[in-house]
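Labels for the chains are A, B, C and D, by order of writing; each one numbers its residues from 1.
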Amino acid sequence: MRVTRRTFLQVLGGTAGAAALARGQLTTTEQAGQNLERWATPEEVGVPSLCQQCPGGCGILVRTLDGEVAGISGNALHPINRGALCPKAFGGLQLLYDPHRLKGPMARDGKHGALRPIAWEEALRLATQRLAELRQQGLSHTVAILGGQYRGYRDTLWKRFAEAYGTPNYIRVRCLAPEHPALTHRLMQGVEAPLGYDLAQARLILSFGAGLLESWLGPVHGSLAFANLRSAGDRPRGRLIHVDPRRSQTAAKADRWVPIIPGTDGILALGLANALIRERLYDHEFVETHTFGFEDWVDETGQRHTGFKNLVLREYGLITVSRATGVPVKTILEVARDLATIKPAVVIGERGPSYGPDDLHTRMAIHSLNALVGNIGVPGGLMIQGDLPLTPLPPVAQDLAAKRGGARPRIDGAGLGEYLLVSDAPQALPERMLSRDPYPVNALFLFASNPLANHPAKEAFAKAMEQVPLVVSFSPFLDESSALADLILPDHTYLERWQDDQVTHLAGFTCFSLAQAAATPRHDTRNTADVVLQIAKTLGGSIAKSLPWKTFEALLHEGAQGLYEAGRGYVVSVHAEESLRKILERQGYWAPEFKTYDEFWQALLKRGAWWDPTSLPVGRNALLRTPSGKFEFYSTSLKRWVDEATKREGKTGPFVTALGGQDRGDLLFLPAVAISPAQEAEAFPLRLITYRLVTRPLGGGKNQPWLLEQPAVHVKTSWENWVEVHPETGAKLGISDGDWVWVESAKGRIRLRAKLYSGTRRDVVQIPLFGGKGPNPNDLIANEADLFRGFGLLNTTRVRIGKA
Amino acid sequence: MALWGMVIDLDRCTGCQACVMACKAENNVPAVGPKEASRERIISWMQVLTEEDKEHPDGKLRFLPRPCLHCDDPPCTKVCPVYATYRDPEGIVAQIYARCIGCRFCMAACPYNAKYFNWHTYQKEGPGQNPDVSVRQKGIVEKCTFCHHRLQKARERALAEHREIEPGEYVPACAEACPARAIVFGDLSDPSSEVSKLARSPRAFRLQEELGTKPKVIYLTEGEARG
Amino acid sequence: MRGPGVVALIALGLLAWGAWYLLAEPAISQPIQFPHKKHVELLECTDCHTRATKGPVAGRPSMETCLSCHSSGEGNSVEEKKLLAFAERGLEVPWKRVWRLPSHVFFSHRTHVVVAKVKCQSCHGPMETLDRPPARPLKTLSMNDCIACHEKGVGPSEEDEQKGAKPVEAVARRRISTDCNVCHR
Amino acid sequence: MADPADTRDAILLAPIERTGRGFYWAVAILSLGVLWGAVAYAVQLDGGLGVTGLHQPVSWGFYVTNFVFFIGISHAGTLISAILRLSRAEWRRPITRMAEVITVMVLFIGAGQILVDLGRPDRVMNVIRHGRYQSPLLWDATSISAYLTASLVYLWLPMIPDIAILRDRLGKRKFFYTVLALGWQGTERQHKVLNRAIAVMAVLVIPIAVSVHTVVSFVFSMTLQPMWHSTIFGPYFVVGAIFSGIAALIVAMLIFRKAYGLQGYLRPIHFRYLGQLLLVMALLWFYFTFTEYLTGYYGGEVEEMKVFWGKFWGPFSLFFWGMVLANFVIPLFCLVRLERRTIGKVLTASLSVIVGMWLERFIIVVPTLSYPRLPFPEGIYWPTWVEWGETAASFALFALFYLLFTKVFPIISIWEIQEGREVGLKEVEERLLTYLPDTVEPEFTPVDRGG
């Protein structure tokens, strides 16, 4: 055949597409080995992906050249972040290219041998064999899976795997379980769906320690809402009031920062309620028609109960509150007046303040302010999440072994006794594992978690891990925990894998984000989701039947079909198009954008997310789902729980005891926070507060030098952790800025550099949860758990400091 | 001819440093490591400075992101003995790395300390870098360029499509990332552009205005609009 | 006087040799003895170096491009066999780069090839005459070469246009600049 | 005129003819210092300027301080010598050569500091290829190279007759001396031409010298930085330069006086005169310093005051008060009465001034950079061994150059001394007579009123 220019061009046209598809067959390391340089075939592609550095759920656009990542920017279409990003997002580049990443699976020779690289087949065989053996011996329940902060189908997969395999011990470490609403909302509003706040519309945000701009439910969304509050078009400038012992970035940007004695937020909230009621500033209409338990009331047995109003008026006088919280009366009055006069106002306080012993009532007290100003069911107020219409997956097939194993009590005790209301209790795990109560753990899977760095009882955890015959880690890095594992099956980093995210936080709307692998895997790693499917397949039987997908991608493909078929929502698109669609939909028109699911799927991959901004349940009927249909100052559902527990366990059962409910009577069900006398602890005169930096990604991020080098702006520091001390406290102890100090608690002591920071209370020192190497506040914090979330109490420890 | 400028709204800036990190990723700015950092050699083209407001005893903090201010009358360019830094016709103060002899006169002359020196070779060319920006060697001065490589690329794109460059087509990485939407970038010579409008705001001020450097990065003060 | 003179001469010679050794670029040998001449008889440069019309980097053609003609292996030359051997293993040809712009230069092939219609040869030299890959760039360009062209290439003035000179688009003309920032990054 | 049989000044040729053990020791010790600097520079070339203590924002430190200091010292020579020559101060004769040598040597060292300070010394030719005349650094380069050229010529011209003596009397390096002597025979005409050339150079070199340090000061004063942006920096720097130059000259004179036994040539009266000159300069220096700081303080501009207090009570106070002590208090005490123990006092004052002037340069360069205008963390600067090495090597190299010079050329001008004896005495007498009222010369005789 004679080649002519014409035929050449014809053939070329045909192969161009194929070339694009063939991209990514070789891993980068293989390519590097062959001296292929970037100039060879640089095809610049922006691949939509998801930032996984925190649970914010931002959409990113990964700039790739031949699968080699060259940059990250925000996905302008993504509804969570609208193209904006926080500092952590850029650390992803360094995470991906970390030279110390694991190059492939590793196994340990014997219990105390060294880790050595092995092949995937061998590694999978080791894991599967052990799982099969345990199952055969009827010990499937002794397999525990500890999972960190992630959402979506990876969570679904592990849950299904645990169910099908036959273990109740799928234990999650996360601050906010997306499938549950905040407990308070459940108790007082009866809502079962996750919560949301209409921050974009609010004109006053009163925040009880919620790090809106740093670490709350995604700093980017928080910052966008803040920017909106500041000035947007011709709207008047909104107001942000922040209650926090620490002058956080949020506090610094707030129009008013209210420094408070740690752990007394609930008392302040009740003080504000007192002022609102006393000055008749509360929303009478809402309180009268939509609340229960505000006034004194008489139940069916004729017993008289104190209402919220009288409780507050009687117990929480402003002088009492001021003394307990350290907030001047004047400030309380001014905040209360702002709260009542600037509409719409929203009160938030999910995290931070209530990391104290009486978490539940603190939250109830804060939440009752929302009812008092009547911002439930109005724009700029509270919301709940809609659901994602994903394809329902077939029920898990459980054989006898699975049923038997799954029915055993959980190793962490969640859902039982004192942890009755908790779905996961990772804090209790090390102790229970050590005492083999109720049974020993035979295999421990660590996925997206690093307890040996992040668990307050990490020493106990390490000891407990020693006793587990098989510890499997899925970490892509040789972190503290994976260094002690017997088997490491390294996951891809998030830029290298298929993933999804089902965002259920804060934003108010539902959103499904989808991402394909943006980069060719740099090393011989595998997406853990695929590994789970692979293990399930090898185990066979009902397990394989419950997890029938060949790849994770197939599962995502199946799940997202529901969105296509739902007949609502859209794949995100440019602003103008979106607004038009919104307007049409409000008028009742909804036209499908795609003819086939394949088109929909391709568009989803290309744009990054699907969302449904219009069908938000915001009306009062949707928000008030208690039996009475009202907001309950007096929580009848809590009463029911307590009554049931008392019936089951007696008045001295662990749950009621833990609640401290034996002698609290009605106060147990009302937002009543006990005012404890100020304690003067001689040995440990200072209180320790830990907080999360906006620059600290999930898992610490020791391999992200940019973030470690400039972790904060309020103090001058880099590469090492520090302790913030008030200048006066420093002067009293002879500590000057930059000195090395010992911070000592009853549990232990760590050596840190002191930073004098006027944004703390004089009786408080602050240590950030810093990402890098070196001492960690977990060395000081006692392993106390919050009874309602199972999560560690991080701000209750007392310490002393001295020059090192 | 365009006159590129930036407005930074201090009322919105939350000090999160997204701009800082976006800049580092975009411009191949290295992390210098703990040892060098302790010697005050961090390179941060965009840097968030923190100022404590002495008037409020409760200590209001002011976060002040400081890129190169791209002065219209830059004190740094005049002193460069080799034309390695100069103001280009569109107002961008350029830094030509291949020309710089490393005398650091421009650093000494800049009243905003916007210039940074490569005290060592902090990095080599490698994966994960932006190929549009050169990797600087030791011994030369570098600074914020308003991501002018983005301008080159936008221009090139526009040229290929036979059109003029559109507003919003050229935005530096910091402005693109800012989650509080505090950074606005655009053409100051176009009176209808958003930057121009904001630059005329009563809240607008320039850093060290009295020095007569005429910076093209304009700040908006905190609080409600005055005047 | 003689002794020192000889010593000085030897020293000078050593120095020159050392400088040559250090500074001269080594010859580059390619994995396949690609004849540009034969290919250019059939094709335009940009048929294979397609990127030159699309973006900043011209790049070398990918294996796919080569295979679109050579997949059936008609030629059966030694070099073609080498190509097919790479293809069989699923590899790209590990071409070595001959032309290298310094990393601090921004140069767009597209702008120069498509908009300005600069001939490839004006920078790359007479590549079309080569029977084997060049061991070194045929032309060594310095910044002055770029500037010389840019200074000339301000485009025809309006006067020239009226006289029938080919008009250059207004946008393009403005782009021809000798401002350092236009090329340096 | 130079009579080969004249052996009165044989001692001046002695160091060239014979080499003692002391010379080798001195060379060895100085070479060690230079070696330290060489190693330091090699390390710096390899690792980058990061091996120094410089950082953000203090991007200039020891090297720039040394640059200003050494360029300052250079004013000792040519400028002083030119002034003394032009004013026909007869006591200049044994001094001028020593002074001129300082200038030439130190200019090399000073200009070298900039090269050491560059991040990319390999690109130094860019300054010539792409020089931007708006930059004070270019002014510096121009002015310093002009000064260097002029000083070299000015050093060499008065040396020609001496070189001829060496050519004629010395057995070694005949070719070298023959070339440099330019065929000097000591004829009347040659003397006339030489004297005129020296006079022209002397006039020429003064403005150049003044310009050099003015321009060095412009490196700082042309910026907008607090405590740099000052109009009196030009004269202030020149005064400081002459001040430190005289001190350096005195020290050099005393060293060679001792080492080469030149007590006969360098007599206490020379030191007394120079001491008085030093005292005047000390007072002048204080006047400038006082004015400079008072203006800054009185204005009370915020940024200016940050630097001001940093110098006064802050981390730089030790340097600042050390400078005041060494540049003003000590010289004042030493130099006010010079009748007795002249040499000891003058030496003390000079050494003190050299230290003090180095501190002054440091206190000008570093504190301004340490206090940025914007709320940056303030940076304090401490040099590393590399900078100490370069500094030590600079001093050592200077001394070594000087020492080697004295092994090749006479450090005191032989012919000028001889000329002093033969012509000077007579000329001074005549000149002196013209100053006096009672020696009446006919042509100026007023009309005799009585007659």
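As a convention for this text, a contact is a pair of C-beta atoms (placed from the backbone, for glycine too) under 8 Å apart; a residue touches a chain by one contact, two chains touch by 3 or more.
As the structure is a prediction and not an experimental result, all values here were calculated from the model.
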Along the graph of touching chains, what's the shortest path length in steps from subunit C to subunit D?
2
From subunit B, the most remote chain by mean C-alpha position
D
Please work out the Cα centroid separation of subunit B and subunit C, and write it as a whole number of Å.
34
Separation of subunit A from subunit D, taking each centre as the mean of its C-alpha atoms, in whole Å
71
Please report how many Å separate the Cα centroid of subunit B from that of subunit D, as a whole number.
44
Check: subunit A positions touching at least 2 other chains come out as 42
Subunit B, residues touching no fewer than two other chains:
42, 49-50, 83, 99
Contacts with two or more other chains occur in subunit D at residues 377
Note: in the complex, subunit B contacts subunit A through residues 9, 11-12, 14-18, 20-22, 24-26, 31-34, 37-38, 42, 44, 48-50, 52, 58-61, 63, 126-131, 173, 176-182, 224
Sites on subunit B touched by subunit C in the complex:
83, 86, 88-89, 92, 94, 96-99, 125, 132-135, 148-149, 152-153, 155-156, 158-160, 162-164
In their shared complex, subunit D is touched by residues of subunit B numbered 36, 39-42, 49-51, 64, 66, 75, 78-84, 99-105, 107-109, 111-113, 116-121, 138-141, 207-208, 211, 213
Seen from subunit C, its contact residues with subunit B in the complex are 56, 102-106, 108, 110-111, 114-115, 169, 171-172, 175, 177, 179-182, 184-185
In the complex of these two chains, what residues of subunit A are touching subunit B?
28, 38, 42, 65, 68-74, 81, 83-91, 93-94, 96-97, 213-214, 219-220, 223-224, 226-227, 230-231, 237, 247, 249-250, 252-253, 257, 259, 694-695, 705-710, 713-714, 718-720, 758-759
